[in-house]
Structures are given as C-alpha cells and as structure tokens.
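Per-chain residue numbering starts at 1, and chain names A, B, C, D, E and F are given in the order in which the chains are listed.
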Amino acid sequence: MHTETHADSARYVAGLAKLREIDGDAGEQVIEALKDIAPDLARYVIEFPFGDIYQRPGLDLRLREVATVAALTAMGHAQPQLKVHIHGALNVGCTRTEIVELIMQMAVYAGFPAALNGMFAAKEVFRERDGRGTPE
Amino acid sequence: MHTETHADSARYVAGLAKLREIDGDAGEQVIEALKDIAPDLARYVIEFPFGDIYQRPGLDLRLREVATVAALTAMGHAQPQLKVHIHGALNVGCTRTEIVELIMQMAVYAGFPAALNGMFAAKEVFRERDGRGTPE
Amino acid sequence: MHTETHADSARYVAGLAKLREIDGDAGEQVIEALKDIAPDLARYVIEFPFGDIYQRPGLDLRLREVATVAALTAMGHAQPQLKVHIHGALNVGCTRTEIVELIMQMAVYAGFPAALNGMFAAKEVFRERDGRGTPE
Amino acid sequence: MHTETHADSARYVAGLAKLREIDGDAGEQVIEALKDIAPDLARYVIEFPFGDIYQRPGLDLRLREVATVAALTAMGHAQPQLKVHIHGALNVGCTRTEIVELIMQMAVYAGFPAALNGMFAAKEVFRERDGRGTPE
Amino acid sequence: MHTETHADSARYVAGLAKLREIDGDAGEQVIEALKDIAPDLARYVIEFPFGDIYQRPGLDLRLREVATVAALTAMGHAQPQLKVHIHGALNVGCTRTEIVELIMQMAVYAGFPAALNGMFAAKEVFRERDGRGTPE
Amino acid sequence: MHTETHADSARYVAGLAKLREIDGDAGEQVIEALKDIAPDLARYVIEFPFGDIYQRPGLDLRLREVATVAALTAMGHAQPQLKVHIHGALNVGCTRTEIVELIMQMAVYAGFPAALNGMFAAKEVFRERDGRGTPE
C-alpha cells in the first residue's frame, strides 16, 4: 500500500511548481476538480507527468508542449486537455502561429476532422486569452 | 477530373525536394511502393504534406517533426510511418535524446503501451542508422 | 430478410430483462431514443449484447462491468455509454471505490486525459445517484 | 513558401463548387469559422479533399459519402464532421434508410457505442432537414 | 444461459451462407481459427454480422462493403480484417479502382498513414487474387 | 532535474516485485529491452504502474488485470502489451474461460475485429503456457 514519504513530497512539490509554470490556472482547476472523487489521481498527475517527465532535461518545455498539443489533436478525444495544453504551449513560449501551424499539420497524420476540431479548440483558447489580456 | 498543370508541377517539384530533405530514402521507398497500385496517392503525398504543409513558414522543420513523431506514437497504429518520421526528425536536426524524451512523454497522454511501442520503433531506427554509419 | 421468430423473442425477452438488471433506466432511455430512427438497432442492442453476451456464464456480471467501464474509459469517445455502464457497474455490485480505482488505472494504458475524462464521468454518475438517494 | 498561382485557383474554384454541391451551407460554415484563425486550413480543405479527391472519377459521390459517413461513425471522435457528411450523403442522393443502415452496420466493426452515437447524430440531421423542409 | 434453438440455427444457416458469399475462404478461415479457443465467438460472427446485419435490405452488399473497407482503413488497427473485406468488396462487385479510390479518400478523414497502410493491404489482396487468377 | 532518492528506491523495489508477481518473465523482458535506449522509461514502468497503481488497495489484482486486458483488447493497437497482460491475468488467478469471455465481450464495445485480434493473442498465450506446462 502506498505511504506518503519525504521524497514523494519532493516530487509533488517540484511537480506542482511545474504544473503552475506550464498550465497556470487551468491545470490547478483540474487538480481541484479531482479533490473530492479521486485525490490520488490528482497527486499522480502532479507527481508523474509534472514531477517526473516535465522535469527531465533533454527536451525543452516548448518542444514538450508542441509534442503534447500535436498528440492530443491527433487523438481527438481529449478536447479539455487539448485546451489546457494550448494554454500551456503559449505559457512556455510557443507563438499562436506555431500552435496554428502544428494543429494544421495534424490534418496530414490524423485527418482533417481532427485538425478542424483542434483548430476550434485553439480559437476558444485564443479568445479566452484575449478576453483577459494575456500576452500572446 | 484532375488534369496536371504547370502549378501542380511546381507543388510537386517543391514537395519532392522537401520529402527528400526530410525523409531521405525511406520517403522515396513509400512513393515507389505506391507506383503500381495508386500513383495518384503518391502524388498527393508529395503535393499536400510536403508541397503545401512542410513548405510553410511559421513552424520550423525540427518542430514539425517533433509534432509528427509525437502524434504517430500516440495514435499507435502507424508504425511504418513512425519509423520514417523518426528518421526524418533526426535528418532535420533533432537529437536521439530528444526523440527518446518525446516518445517517453507520450506515456502520459496515450499510455505506456503506445510509448513502449514507439520506443521500440526508435530502437530499430537507431540501429539502422548505426548500421550504415549515419551521424546521429 | 430478417423475420421475427419465436426464438428471437426469447433472446429479446431475456436481453431486455438483463438490460434492466444492469443498466436500469439509463439503458431503457437509450432504447427509447432509438425507437423512431432505428428500432432494429434497439432490438440488436437488446438481443446481442444483453441477450447473448451478458447471459453467458464464465464471467460474472461484476467482472463484465469492470471490463466495460475500463474499455469505454480507454477508448475515450463514448462518454454517454461510459456513464450508463458506470451506473451498470454500481447496479451489479461494484463499489464506488472500485470504479474510481479502475478508471484511475486507465491512466497507465490509455493516458491521463482518458482517465481524467472517465473520472469526471464517474463524478457525474455519483452525483446523479446521490441526488436520487441510490445506495452506492 | 507557398505562393498562390493560377492553377491553385483552378483547384480552389473546382473544390469550392464541389464543397457546395456536397455539403451545402454546413460546409461553408466550417470554411467561414476558420477564416480568422487559419484561413489556409480553410483553403486546404477546399483544395485537397474537395478540389482533388472528390473530383476524381472511379468512385461516384454517393459511394464516397457512404465511405465518409462509415469512417467518421467508426472513428467516433468527429461528431461535427459526421453531421456535415450525413447532410452531404443525403445531398448527393443517399436515402435516409441507407444512412441508418450503414451507421447500424458500424456496430459490427467499431462497437455499439460508436453506432449509437452515429445514430443520434443522424437523428439530429434528419430533424434539422425536417425543420427546414429539405426533401429526404 | 444460452441454449441453441431452431431460430438460432436459421440465423446461423443464413449467416454462414452470407459469410461465404461475401468473404469466401478468408471468412471461413477466421471461423476455423476460432474453433478451439472460442467457438461461440465464431458463432456470433456468423449470427450477428452475417445473419442479422448483412441480411438486411435497405443497403446493397456493394455499399455495405464500401462502408466496411472505409471504416477498417480509417480505424487502422485491424489489418487482417481489412484484407478479408477488400476481398469481400471485390467478391460482391466492387472494382479494384473503387477500392483504391475509397482507401485513398481515407487520407482526408483519418490521415495519410491510415490510407497508406490500407493501400498496402489492398496491394497484397490484389496480388493474392492475381496469383490464383481470380477475376478482378 | 530528477535525482534518484531513497523513496524512489522504495517505489522501485515494491514496483519490481509487483511486476514480477503479475507479469513474470514477460514483464522483465520489456524492462530489459528498454535498458539500452531508455532506461528511465523502464524505471517509470516499474515505479508508476507497478509501484503506485498496482499497489493500491480498493481493487484486487484479478479485477485490475480484467480491466487491463479489456482496455488493451478494445484499443487494438497494443498487441505485445495485451499478450503480456493475458499472461498477467492468468498469473493472478483469472481463468482461461474468463479471459475468453471478456475478450469476446469487447466485440460489443470495440467491434468484432478488435475482439478477434484479442482472441488470437489469447490463443498464442495459451499455446505458450501449454508449451511450458504452466498451469492454466
């Protein structure tokens, strides 16, 4: 059975900081929404993706977010997470043009419907950011 | 009905050069394999992905290949194309470490089986390149 | 061409009883919604999944619903059916904890977005059941 | 970099006419919705699927729409595009019965949830057409 | 529990005849391969897809096979079944050109990798038929 | 950057023991195959799925493996991992009949091709176990 340990806390603390850096409010809302039903899934989201994977050297955050937005667009069944990571990509330095280009490119690999639905997700994200005056 | 025109030829010529730049021999083998059954699909592969999409400014080739390798790893049903594009990513300047990192990251978004199968594809590609002394 | 026969009726009757046992109202609403557009699809839903498959010995209903909730969470594009089967799993004796655990586990095989979307479906189902005072 | 040429225009003009023939208003709304965020994706939708593929002899439009509705139902993550193409199939001469039959058949290849979700998309499309008095 | 009845036998007999008409030897090999591990799955394959669905009026066999080949190409993870149904489509009157066209069209909806892998499946099927002198 | 800590080791040690309990040799071969290309992915496989998830109370190992085999059969693109987990399910107490039943049931949710390919994976696993005299 799992017992929380000091080093878990270290992964958790580093992961939470990284989640905030990348996903901002959107990431924390996901964590918050899990609190009553599956707090341990919230903890794993922080510890494994953000505490382990996104901490790794070897691929910078901008490329990591490019990879994630591409994958979520292509898979097509995870629109809420796609929106979170379009925010994330912009937060870590991708430009709107880059986001548009990479979603467009998914038409080649996953078909036009996946690219269209990804583009409409980007449109919503850009509008949200315009609404609150977020640069880019 | 489709008729070949001068400007089609321009897209075709630019696309073929881009296909060679990115995918090298592996790309041309795909084109060759289509010649007897569906030569027009070969032409579209050259004209749309490589003559239109990969020609576009706004996202450099290295990021485009990161996006493609991520998407194909996550989708999980296109191992031959994944191998072609791991070659492609290395050909346009991605490092092996970056490839390994982005495939590993797909465990988060598409699950461990997709990441494992992507990693074994990368292992084959790296071995092929070692076998013929291709740098990186 | 298909003609309704006595033994079809037997499969239909057994299937309808099983559908009611497992899915309760939610299952019948699906059947009802198909009546005007595709009544035969409604009939097949009753006859094949519930009249054939769920009648079989060799795997008890609780394990059958665990398998279904896992598959629908992993596939990610069938949220309405996932909700019906989370109800179903609870109706045949799974606990809320078991549902939460198996959806969480799908993060490993289908990625975190699929697990998160499955968990939010479970959250809605639990709230619906709380609202009408359904035990568990 | 892409430069618009005379022959692009020819593909574009032929594609736009075909898009109108098949998808009617629904197709143009998609194009319109892309105008501010990714006008080039709108152009590619017109040029490649409708200017190249749907122009081809060898498979009549009715069979092309049967193929598209089947694929989108089976893939399951592209409900907006599925609705556009159910309209499209009816616009080029498929009957409502044929649509219902082919969506039902997808239960065999992609499972009942995909078929059910496809059927509910068809139900919405039929209602829209009834609402505006579109024959079939 | 399931008990074999007269009317099951009627569905089975009609289904087996339809399976032979559409899929020929390839269909029977699938049934044969299931005999030792899951004979009831073999029976369901015969009864539901071929005894129920493919028996239905409202969509002729040629369109049914167009739908199936499109769906299996787009889904991308069922190459053995895709090959069986390319044979099936040709057996019920589709031309090789139609097969090539509809697989090519899937590039639009499911991406080029799915279309390429579908085309290579068609290439194998055409070669098998050439090898045994099957018309078309 | 990640640094190995004492508590990581605890998760790793517990995870490795669990991996051996469930997947036996097949699991260790996966770990071994990753050693030269991505040892950290091997470590994460041990730490997160087996060190975190499979350690959790609330869902017994037999139900966890039922969920995994169902999901992998339904997803359809992870045959090597499906085989590993059919072994795993049998190792933790599922019967061959249960495996056959749950794979068969996936015909309902993911279509017959996914169920057929899952069943042929099970057939290979059963033959491997017969070959080395593994009970069940």
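Convention: a residue touches a chain if its C-beta (ideal position, glycine included) is under 8 Å from a C-beta of that chain, and two chains touch if they have at least 3 such contacts.
Since we're looking at a predicted model, the values are computed, not measured.
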The chains touching both chain B and chain D are A, C, E, F
Residue numbers at the chain A-chain F interface: does the shared fraction exceed half, giving same, or fall under half, giving different?
same
A-B against E-F, pair bridged by the larger set of C-beta contacts:
A-B
With chain centres defined as mean CA positions, report which chain is farthest from chain D.
F
Reference chain E; chain at largest CA-centroid distance
A
Roughly how far is chain C from chain F, going centre to centre by Cα mean, in whole Å?
24
Taking each chain's centre as the mean of its CA atoms, chain C sits from chain E at a distance in Å of 28
Chain centre separation in whole Å, for chain D relative to chain A (CA means):
31
For chain A, jot down the residues that touch at least 2 other chains.
40, 44, 48-49, 53, 56, 72, 74-78, 81, 100, 104, 106-114
Chain D partner contacts - residues on chain F that touch it in the complex
74, 106-114
Within their complex, state which residues of chain B touch chain D.
1-2, 5-8, 10, 40, 44, 48, 52, 55-57
Using the touch rule from the top, collect the residues of chain F that touch chain B in their complex.
30, 33-34, 36-38, 40-41, 44-45, 49, 72, 75-78, 80-81
Where on chain B is chain A touching in the complex?
48-49, 53, 56, 58-59, 63-64, 66-75, 78, 81, 97-98, 100-102, 104-110
If you look only at chain F, which of its residues touch chain E in the complex?
75-77, 100, 103-104, 107, 111-117, 119-120, 122-123, 126
